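Several structures are given next for inspection.
Shared between the two complexes below is chain A, which has chain B as its partner in the first and chain C in the second.
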Partner chain A sequence: MLVTQEFTVKVDGNIILDDLHLDFGPGIHVVMGPNGVGKSTFAHALMGNPKYQTEGAVQIDGKDLMCLETHERAQAGLFLSFQHPTPIEGLSNFQFLRQAIKTSSIANSLSTYRELLSEFNLPEGFERKSLNVEASGGEQKKNEIIQMLMLDPKVAILDEPDSGLDVDAINVLSKQLTKFANQQNKTLIVITHYQQLIEKLSPESITIFKNKRAKQFDDISIAYEILENGFGIDV
Partner chain B sequence: MTEYRDLDNKYTAGFSTNVESEDFAPGLDVDVIKRLSAIKNEPEWVTEFRLKSFEHLQKIQEPNWANVNYNPIDYQSLSYYSAPKIRSKEDIPQEILDTFDKLGVPLHERDSLLGIEDTNKIPTVAVDAVFDSVSIATTFQEELKRHGIIFCSMSEAIQEHSELVKEYLGSVVPPKDNYFACLNSAVFTDGTFCYIPPGVKCPMELNTYFRINARNTGQFERTLIIADADSYVSYLEGCTAPAYDENTLHAAVVELVTHDRAEIKYSTVQNWYPGDENGVGGVLNFVTKRGLCKGESSKISWTQVETGSAVTWKYPSCILRGNNSIGEFYSVAVTKGKQQADTGTKMFHVGKNTKSTIISKGISFGDSSNTYRGMVRINKSAKESRNYTQCDSLMLDNSKALTLPVVMQYNNNSIVEHEASTGKLSEDALYYLQSRGFSEEDAVNCIVSGFCKDVFQHLPLEFAAEANKLLSVTLEGAVG
Partner chain C sequence: MSDFVYPFSNFQTLLAMGYRNNLLSGRRFTDEIYSNSLNENKKTLETNFLKEAFYKNMQLEKLMSATVDTKPTKSNKVEDYVILVSDGQIEWHPNLRYSSKRYIRTFDYFDSNNNFSLYQNYCKRNNRLGDLAYLNCISPIGISITGNIDTKVTYSSLAKDSLDCNVMFIDITKGKNVRLQEDFVNDNIMLTKIYYIVREGASLELIRNHSKANYNVIESCVIQHPNSKFYADVSSDLGTYSQDIFDIDSYKNCTSYFYSRNKLTDDTSNNVSVNINHYGKDSKSLIDVKTVLDGKSYSSFRGNINIVKKAENVSAKMLNKNLLLNNEAVAVTEPNLDINTKEVECSHGCTISNIDKDVLYYLNSRGYNNAQAKQTIIQGFLSK
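Take a look at the complex of A and B:
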């Protein structure tokens, strides 16, 4: 469960997001909004990226995140799947994951890793490749989701996890996300533009970002209305 | 923005050992050299070699072209010989045994190197341990002898294998080569001698561990490795020194010779005392290392991990004389605080179809400066030769990185490639790893060790583990 109150995000003193009151309970939630409205900013500000100045309150299962550094937020159970994962030359996927699961007490064991690699249809030897180097956009996205499943966070924010994925991969993705969210007390916040994924995930709520603000709807039909008529509709 | 604070000094080998020793009073003249030669009971040709070198030394100047600054060295204030009092090799003072034990250097043949627990898969390592001016123990000599391999201290080699030493000493690095090589040729104390006979693949890694202990004493070791036709040896060199406030001079000479189809793999993990955070003290590491690929299809490979020393001036080089011979240089140089490194390599292509590879990774923190200086020279005779050079530097804080490659190509059928990159440690990469729960220190560690991977993979297995460990200790406290 992730809750924000009076959450404001600034970059170089300019307000990007203003006074967000959002409540993401267990299950899947979808975040939508026009390009450049600050959806990714929201995700990275929650993760504690030092580029952003934030005010207000953010809690995971009642635990305050605002006073924590990025790695402490991760250790507190927050995960962010990047829209554009950062390449790190020379650090293999396997080495990276071995180190990463040490930071989490509830992470899955490395034996699960092989199963996930084959489930997501990643090529032989992928684990020996440098992290996000020489991997296609789709492979990087799959890798982000595998990391999430391995680290088993309480709250995961997925920034356009579907972009660059083929039809088969979208099916595996939605299946795995649903399975993950069906566990007790897991919250998934998915930023997406795609109807196909929204339908498959049948989310608990839709949050629309617009004009520095965000509004949360329990009635998910708003998503379909937007997909048909655009973000110009009055919300 | 992430802020990096000044590093703590995490130099764990900085202790000194209290041991009774026989020292020369400071000063350098003909008498000192004669006494040094006499105390070592050297044959006349060695004394001559020293005196001729000293004569030449008076006529030349220290080189000043390197991108380093240090206070002038007063050569008369240094002592040129310091030997712990040892009656026999069976009676080594406990303090010295403890010193090497503390440093993880096994002087007993049952020990394995570098404290790795799983001894099953670790190849045996023979060790020559040099404490100040003398070699105090060499292990596995008997077993090596069965293969016809000579692995002993230079002093012993001069006594026991005088003709062999005479044939090769100064043949790759002549005494007149440069000021520090000349100084070394006049006053060298101990070091390691290896000879691998034809057709023999050395069954274990050979390791020399150099320990400076005495204050105000220069360390001038001399190493000579000869791989005869069709032989192979992997040689490792490690070094540490106590944390003294004065600079300690280390001017070594290393010469390698490979005959037809022979290969020498020479790996160094250099961890001399780097001085404190204000740049006080530390080792001046002015070393001449050169290999001669004398025979056809022979190969010399230098791998170095340089983390220590206040000032490093070092260019392990290869002369590729034999046709089809191969030279390699893989280097990681880390500088932090006020450290200065000017290091790189020279590849001289003389024989036909010779190949060289240079991969250099410089990492600099704090106010340090890190220079790569390289020269690739392809002679007219070196037809159809190839060189590939890659120089990458990674910078943090106010550090400086400089890349100075020189290429001289005197024929038109050879290929020389050069790639270089310079970058700051990426904030994005740090943040990405932190978002996966890595502390900043772990994140920096992973990024830096990934950056060094191309070099570390050329180190022998157990040395690679040591290098990674040393790297993480070096980075500890370098970021915060």
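Take a look at the complex of A and C:
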């Protein structure tokens, strides 16, 4: 589980997110909010992106993240699926993952990786391609989810994992995410506005970001209300 | 010759004074192509290389100020060699039982059938440091390869001389596929001029490493006859100063690939110049040079693609990428294209950059610490 207290995020001294008190227990949680409100900023600030200055407290299963560097947060069990994954020329998908698995001390085999590639309908030889270089937007998104499944984190934040995915891929995505979240003590935070995905995931809570603040709702019908009427609600 | 110490910048003056009376400068050899009477080489001996535009980015002053010590020093013992080239001598390893001996003939001046005159047309002076190699080496040497061979050629100084010069011919017979691994081993200064003649339908794969030489100047002329293939893979990471200059002449339907991967540290200086001349139709070339620079290292790249009017349907590409790991490292890149026909496909891309913070962060987010991430980025950057 992931908990934030008085969590504030600044860029160049300007407050982007202010005093967030959020509690993401085991299971799936959806994050929504108007464009530019700071949802991705929230995700990257939790991951420890040096672009952001943060204050307050963030814990994973009681462990403080604020004093950790990005790689230490990853090793502590936090995963972030990027909205725009970074291309790295010359580094193959599997090479990249093998090293990442090593650094996280989690054993997972090439055969599992190949099964996932096949399940997500990625082309043969994808493991040898340079990371996010010659892949379509959809392939990059699938690759991020495969990385998450291979690394098996405690808490995963997925930043719009559905964008660029076709209908079949959305089905595989929701199936895999549900399977992941059904494991014991796994927390999945999904930033999305895609109704079909929200329905399939049956989240535990909906968090709405607005005006630098965020509010968590246990009643997920708020998501459908927003999708129908927009973000005119008070947070 | 008494023992003395001088800066390399005095080398030309010493040669002009008759410092070295090699086999090539004798009267009885003046009818040979290598005849190096001082008069014939007057222009080379009077050239101020420091002012030559060709060398403007090559930190030549560093080489010129290097010290040449003529006192006998310990020789560079090279145990692991197959063919050893050393100042006018060429020899096989004494313990070698190697089938390639059947397909490789070595020759030097003392070989009565050396056929040096066959190579006369290839040996044009171009007013570069390599020309001085003619004057200071004992004699040219060569190998003629008549089979499909994979072998090693080591260039080193055995003569306990601190300025080693070689002029070398490598002649690949028609239709043969050859792979050569070249090593350069020298504690001091080495000037080498090599001619590769890749005859019709032949292929040459060259794996070159000059990391074990201190000050190293290598000038390579590759003459590709029609339908031939040339592939070079050059790497450097140690050594104080190196110049690796390639002039490649490509005729009809040739393929030429030049890869260079360099990882420089401390105050290493590495200078690569590749000049590819497309003289025939339907040929293809790729120049791909990547360098990672750390410490106070220095790298220069100069690439030229020249395509003559009749060389239609040529595809040529040039890439030079530099990754700076330290603010004190310097990379200079200079691409030149001279295209004289419309029916070509030609491109170039030259970049100098630091480690991308977004890439570093992405790797960090997957658990890589900074050292692992940098190592991974470098490995990916240098891949082909």
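The rule is short, and it goes like this: the second predicted complex is superposed on the first by the 231 of 235 C-alpha atoms of A that agree within 3 Å, B and C clash if a C-alpha of one lies under 4 Å from a C-alpha of the other, contacts with A are read in each partner's own complex, and residues count from 1 in each chain.
Following the convention adopted for this analysis, a contact is a pair of C-beta atoms (placed from the backbone, for glycine too) under 8 Å apart; a residue touches a chain by one contact, two chains touch by 3 or more.
It should be emphasised that the depicted structure is a prediction, and the values quoted were computed from it without experimental measurement.
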item	value
Room on chain A for both chain B and chain C (clash or fit)	clash
Chain B versus chain C as contact partner of A:Gln216, first or second or both or neither	neither
Chain B versus chain C as contact partner of A:Thr8, first or second or both or neither	neither
First, second, both or neither for A:Thr178, with chain B first and chain C second	neither
Chain B versus chain C as contact partner of A:Glu69, first or second or both or neither	both
First, second, both or neither for A:Gln59, with chain B first and chain C second	neither
First (chain B), second (chain C), both or neither touched by A:Thr112	neither
Which superposed partner A:Ser163 touches (first chain B, second chain C, both, neither)	neither
Among 9-17, 27-35 or 117-125 on chain C, the segment whose C-alpha atoms clash with chain B after superposition	9-17
Touching both chain B and chain C, residues of chain A	47, 49-50, 69-71, 74-75, 79-80, 82, 85-86, 88-91, 96, 99-100, 103-104, 130, 147, 151
Chain C contact footprint on chain A (complex, rising order)	47-50, 69-71, 74-75, 79-80, 82, 85-86, 88-91, 96, 99-100, 103-104, 130, 147, 151
Parts of chain A lying in touch with chain B, wherever the complex brings them together	47, 49-50, 69-71, 73-75, 79-80, 82, 85-91, 95-96, 99-100, 103-104, 130, 147, 151
Contacting residues of chain B [partner chain A, same complex]	1-2, 426-429, 431-440, 442-443, 446-447, 449-454
Chain C residues touching chain A - in the complex, by the definition given at the top	356-359, 361-370, 372-373, 376-377, 379-383
